[in-house]
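In what follows, a structure is listed as structure tokens, so that the remarks can point back to it.
For reference, chains read A, B and C in written order, and residue numbers begin at 1 within each chain.
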């Protein structure tokens, strides 16, 4: 997938749903893994997009792009944000699809874009 | 379950333990999932309850209730805290019960209560 | 394992890789669990070690060692950092080894060392 901004939460719910539903596993566990060190995955509100920009902006306020970092590639903040948000999330599969609570969606968290990115998924049968 | 305050860490160790032990799975993996976007789950110290209030208060200091958020429902902070803490945790099942390190317990993290809340659990056999 | 400093990210990639490869599971899921309440596990950049010190120092700036904490053991900050970073991570097993993205490694996050610490791992077959 492609991200458009340096920092951005991208809704990947439908893409993951489509992959999962093809696997025809009725009950199980879905693992999502982010193979990048300046990005993360999260599960959060999928109704009001301003929530996603609030998350992204608040993280950038707490962990600024430029500060006295030792890492000299100019993206130390992105590594720290990725570590705080986490590289993996686990959700449940019920009746062949992802079991969400109301308002939940899956987001790719870009902290050093724009870039071409990947997310890996795996489903384990119950 | 019911939460009593706007922000609160609730010890749910015993409730989850009871559900797990009924399943009679000897060895495996326990997944805990929070189906809410303004709450989270964590594993932390279950001895001194002041640790739980320190976690909650420090998060509120870093991510204040009122700030220049774009989300206008008055709970943008709760969504951000939930994203930082995470919606899922994985623990191990050993000898038919949850394998904890010393002092560990499971906590529901309420960031927009008081409310009626749920936690979902699933055990996969090894 | 032994940690050397109060706060430190320790590269445990090789040790975990060695354990996994002995299990001879071709495809599956690797769960890593930290049984301590003042430490955590993370997946992040394994090329430039300054990234690890940037993560550790930025966390200490946001969550200082000494502040008005209720927990009186002098390590409230360590519990909070552990909660924010998380006690578990999930990775994928492919072709009998851990599937990493470029530059990824597994780190033990010590927030109240130096101490003797453990990390628990479990692999589930796909």
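The working rule: a residue touches a chain if its C-beta (ideal position, glycine included) is under 8 Å from a C-beta of that chain, and two chains touch if they have at least 3 such contacts.
Since this is a predicted model, take the numbers as computed values, not measurements.
**Q** Mapping chain-to-chain touches, which pattern fits: line, ring, star, complete or other?
**A** complete
**Q** If you fit chain A onto chain C using only Cα atoms, how far does it have to rotate, to the nearest 5°?
**A** The two chains, chain A and chain C, differ by a rotation of 120 degrees.
**Q** Approximately how many whole Å separate the CA-defined centres of chain A and chain B?
**A** From the centre of chain A to the centre of chain B is 19 Å.
**Q** Spell out, as numbers or ranges, the residues of chain C touching 2 or more other chains.
**A** 62, 84, 86, 90, 124
**Q** Show me the residue ranges of chain C that touch chain B in the complex, using the header's touch definition.
**A** 31, 33-37, 62-63, 67, 69-73, 76, 79-80, 82-84, 86-88, 90, 118, 120, 122, 124
**Q** Note which residues of chain B are touching chain C in the complex, please.
**A** Touch residues, chain B against chain C: 29, 42-45, 48, 50-51, 53-55, 58-59, 62, 84-86, 89-92, 99-104, 124, 126.
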